[in-house]
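One chain, chain A, links the two complexes that follow: it is found with chain B in the first and with chain C in the second.
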Partner chain A sequence: MRVSKLPARKARILALRYLGAGVVTLLFLFPVYWLFMISFKTPDEIYHVPPLWIPGQIQFSNYYVLFKDGDVLAILNSLIVASVSSGIAIVLGTLCAYSLARFGTGGENLAMWIISQRMIPPIAVVFPIFLIYVYFGLVDSYFGLILLYTAFNLPYVIWMMRGYIVDVPLELEESALVDGLNRWEVIWKVVFPMVRPGLMATSVFTFAFAWNDFLFALVLTRTEVITFPVMLTHYFGGQSNFWAKIAAMSVLGTLPIFVAVSVMQRYLVRGISLGAVKG
Partner chain B sequence: MTLSASLNGAEQRRPSRLGRMLEDRLPYLIVAPAILILLLVGLFPLIYSLIVSFQRITMTENDTTFVGLLNYAELFRDTRLWASLGHTAIITAIALPLELLIGFLMAQLFIDRMPGRQIFLALLVLPTVISPIVAGATWRLMFDVRFGPIGQILSFIAGEPVRILWTVNPAYVYPAIIICEVWQWSPFMFLLLLAALSNVDPSQLEAAEIDGASYLRVLRAIVLPAIAPVIAVACLIRGLDLVRIFDIIWTLTEGGPGSMTETISLYTYVQGFSQFETSYTAAISFLVIALLTVITTLVLKRMELAR
Partner chain C sequence: MADVKLSGVHKYYGNVHAVRGVDLTITDGEFAVLVGPSGCGKSTLLRTIAGLEDPDSGAIAIGGAVVNDLRPRERNIAMVFQNYALYPYLTVNENIAFGLRARKTPEIEIRKRVSEAAEMLGIGNLLQRYPRQLSGGQRQRVAIGRAIVRKADLFLFDEPLSNLDAQLRDEMRAEIKRLHHEITTTMIYVTHDQIEAMTLADRIVLLRDGKIEQQGAPLELFEQPRTGFVAGFLGSPSINLIPATLKTDGPVAAVVFQSGGELKLPSAKAMSLAGAQGREILVGIRPQHFSRAGGGPLRNGVVSYSAVADLIQPTGTRTFTTIKIGGVDAVAELQAHDVRSHGERIDLAIDLNRVVLIDPVSGVVIA
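Let's look at the complex of A and B:
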């Protein structure tokens, strides 16, 4: 943006910016590096004083232990709960968003109520939900956790998808209706393909919400449906922490999100700002 | 409306009564499932909780007599509750401006195009998408007094052994929480501010440059007003998250030492799930909701502005 006349000065500024970028990236990535590195260390290396910055060799026994002890079931639970609840929230939420965007169902009030549901702090509802779940025997069940994550993701899906659907030109739908398609077909064959990028991006965020959630899973699961963040906290003990497991489990629990988010990089800004920034 | 006109056109070709009924009611039919789930899981527990908050249910007694505002009056005498609100306020008041400032500086660094910029962005976003529980666990490993690198680095800089119990020593628990929090969420601010800065009208910036305006003047007169709505949205989204901070503290300090870093979310959890003060917890929940409703109203107003 700044125009400089001397090429030497320009080069110097660019070099400085690379230096700054490199330092900042190092600072922010160092903890991630540390986590990954510990997951490859042997116990001797983990509990070495002073700490070693590079593992002697890359070995996977910390991961192997997770598989052997059955701890990876927590990852599997997280996968099931997060993908099923995202799937349901996306389908129901997008349909609801279509009605809000195209028919103005419920007016601005309904839309506002829906997004205000997103703002409710989990801690304020987790306790009454727990009581009700105990009453209906839903604690530690897939159905219970999936229902909860679906409900907590719905406002987000509706809010985001409403924005994406409003961006679809109305003429497309009108001409499809004139061509004799009914409304269901219009939604399925015209609108869905148009908002597919938005759908993909929104799914990543709903998945990430359910995947990363700790409080609900802590309260509403015991052993059967335990998700990976809850499992992770079990490794912290009073005297000894199972560092090898903490690191390996953290890495396993982080990789799916890294992959999903890097694929969806382009939509990240719109997604995390609740649509306020169309970046 | 043209939509309903074409809808009628479609109906004439589809005489099936059921099909017509489904299409007529379609706007409501497709809203219903989502709203039903929201009412079931969102509203129903709140109503239930409201009723409970006027009763006297505890772990030992299922006393459902209505006691009016007794539990709410209790809130005002509960010093641990107000302390926890204070802790939450401290963390929010320090972390939020820091995240904003660091995010802004990062955005300034990356605003101009340069080769490899996308790779830097992809890497820098990682802390933000990590599960907060993992973020807390990671920093617990980092801060460990014997096996963590932080002490090692500080010792190297100081030239003598530095032994700080970050997650236990009262003087260092808040810095530890805030470092972890700022590390995780500054990239969030960075992404939003970078998008906002990229949308600042370049012609205005060029005009200012030709006029020879200083960097600070350009910032104050052109850049800040242009990105103010995004700053507002970012602060309020993050503000709401900070007020309900739970996960990071759970892994880093578990609210300790004592209840020194107990935030309002942790305190509510303790009351509900270890003391099992059912009615009292419900009352606390409504205090939290009341507080957050104020902030939420602001968020929504700002978001409507930015849309």
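Let's look at the complex of A and C:
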């Protein structure tokens, strides 16, 4: 049986497209590849001229050092601070967003005012915040960082969730109210399932914000709750850079975000509200 | 099972006075249809009964108890929405069971009632599907199923058929009527479609600008409209309204059209018009009251009229023919083959026994 063939011209265009896509992919993936490779290399291999594309053998001593010296605690700190703060921001923010969307709380302008809080350059407020934190003894504490990241993430969550909630057909909620749910149950059993993809996407972003923040963590931590980005800077020295540690730490720091996005990905693309209401 | 009593209900949306003092009693087991043009307040009224809106004043009683301060879920009502309001993340089975679960009904009872409802609506084979896998008609059945399993005191329907195509709408209309025969719960149904109102209702409540214009049995409203608005709203094609002047002379009365020509009114109508000589009126003649004159003697109250057929719209069973009467276009509903071609002169008989005469200023029917 003959497989139907594409016309030659179309086939050429298709080939070019794949080629283009391949080149771009390589270009973007190369730094990631390089990072991973360095983290497995020995010091000799790292400084080898010409550069070695693959290490002689995969060895984990760079990681071992991080665990042995307790540097990985920074990752744990980041995990705690980022997940707790984004969890709180998501719950509080969604409730606020519901209030804005359904009860018109604050009129037309409150929502805009809230998101405008997010537009302040962090550097403009970091020192006042530092002084306040010193006064209240919040510097270098989990609570301090969690409070700060929650405050910074809330406007974003409110703004995003308000958009998703407005899109939930009002009739779904009204129907549930008539059917016997109270308002809290409606939020839990109707609104949450309806906005789940949006909720997941928003969580990823709030988590990433807290995870990636460097400025606040640098200013507001000392020794106890150093987060992963701050820890990384310790490896850039005046005389030398500890490339092995930098690479291993970066890999460890990338994994949680990588996992979060992979897990959430199916929510990001699912059009769940299809079929709710005939358009 | 319950009756519904509204007294002096007002509702404002900002500056808009959506419901303006509605008094309405719907008896136990009745099928009442709230009908009217968009913006007449019918949906607002229904939502007020459901508790989804609070009235600004007035009382709402269901089953004898005032429910103004009760939340929707405390009123024991079931409601079917225009957009079905099915939960896309739940199966048909779970959608129907939703209200029962919300009320902590035992699982065995839920299963029994869901399967009963599914059987009644012919959706037993769809229970494991999701709403997105259903057609419009099936979704509406599920929405109705979700309401009937609740065994509520009162059913509210908010334009449930307007998203369906014409044929499906006819089918579902019949199903809803049959359903009411089977479960005999009080039902209040909102629609802007006068056919739905006529076919479904025990009683039509016709609303206009937030007030009840007239209420009564469908045929009563159709045949004895109290205002020109009611006469014009019910009936398809709608009633012809022709400006004219009354001419009375003792027991005899006639309408004189502004373009000349007059029609003698039957004596039953003439009696109530004594002393109305020279009064300006609108003559309301329904398209169905025209027929092709057969040549024989005319019944009492039927007059002959000769006209030229302008637009001809055959529907298969009947043919709508536009003619000039009193200088304005009027539609006559004739037999399918009564008219053949544009411009044809036809002799018509007009049954004036059922004519309505309307005061053009107040809109009130005077005879």
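Assume the second predicted complex is superposed on the first by the 255 of 279 C-alpha atoms of A that agree within 3 Å, B and C clash if a C-alpha of one lies under 4 Å from a C-alpha of the other, contacts with A are read in each partner's own complex, and residues count from 1 in each chain.
Simple rule for what comes next: a residue touches a chain if its C-beta (ideal position, glycine included) is under 8 Å from a C-beta of that chain, and two chains touch if they have at least 3 such contacts.
For clarity, every value in this text was computed on a predicted model and none was experimentally measured.
Applying the stated contact rule after C-alpha superposition, one finds that A:R222 touches neither chain B nor chain C. In the superposed pair of complexes, A:P169 makes contact with chain C only, with no contact to chain B. When the shared chain is aligned, chain B and chain C each come close enough to touch A:L177.
Using the contact criterion defined above for the overlaid structures, shared-chain residue A:G253 touches chain B, although it does not reach chain C. Residue contacts after overlaying the shared chain place A:K68 against neither chain B nor chain C.
Using the contact criterion defined above for the overlaid structures, shared-chain residue A:K10 touches neither chain B nor chain C, since it reaches no partner. A count of residues in chain A touched by chain B and by chain C gives the higher number to B.
Legend: residue contacts after superposition of the two complexes on their common chain; A:R266 is shown touching neither chain B nor chain C.
Residues 174, 177-178, 180-182, 272-277 of chain A are contacted both by chain B in one complex and by chain C in the other. Residues of chain A that touch chain C in their complex: 169, 171-172, 174-182, 185, 190, 193-194, 196, 272-278. On the chain B side of its complex with chain A, the touching residues are 2-3, 6-7, 9-10, 13-14, 19, 22-23, 26-28, 30-31, 33-35, 37-38, 40-42, 44-46, 48-49, 52, 106, 109-112, 114, 118, 120-134, 137-142, 146-149, 152, 183, 186-188, 191-192, 194-196, 198, 202, 205, 209, 229-230, 233-234, 237, 240, 243-244, 246-247, 250-251, 264-265, 268-269, 272-273, 278, 281-282, 285-286, 288-289, 292, 296, 299-300, 302-303, 306-307. On the chain A side of its complex with chain B, the touching residues are 1-3, 14, 17-18, 20-21, 24-25, 28-32, 34-35, 38, 46-51, 53, 92-93, 95-96, 98-100, 102-103, 105-106, 110, 112, 114-117, 119-132, 147-148, 150-152, 154-155, 158, 170, 173-174, 177-178, 180-184, 208, 211-212, 214-215, 219, 229, 232-233, 236, 241, 243, 246-247, 250, 253-254, 257-258, 261-262, 265, 268-269, 272-277, 279.
Every residue of chain C that touches chain A in the complex is listed here, in rising order: 50-52, 71-73, 75, 77-79, 81-89, 98-99, 102-103, 130-134, 136, 139, 146, 150, 156, 163.
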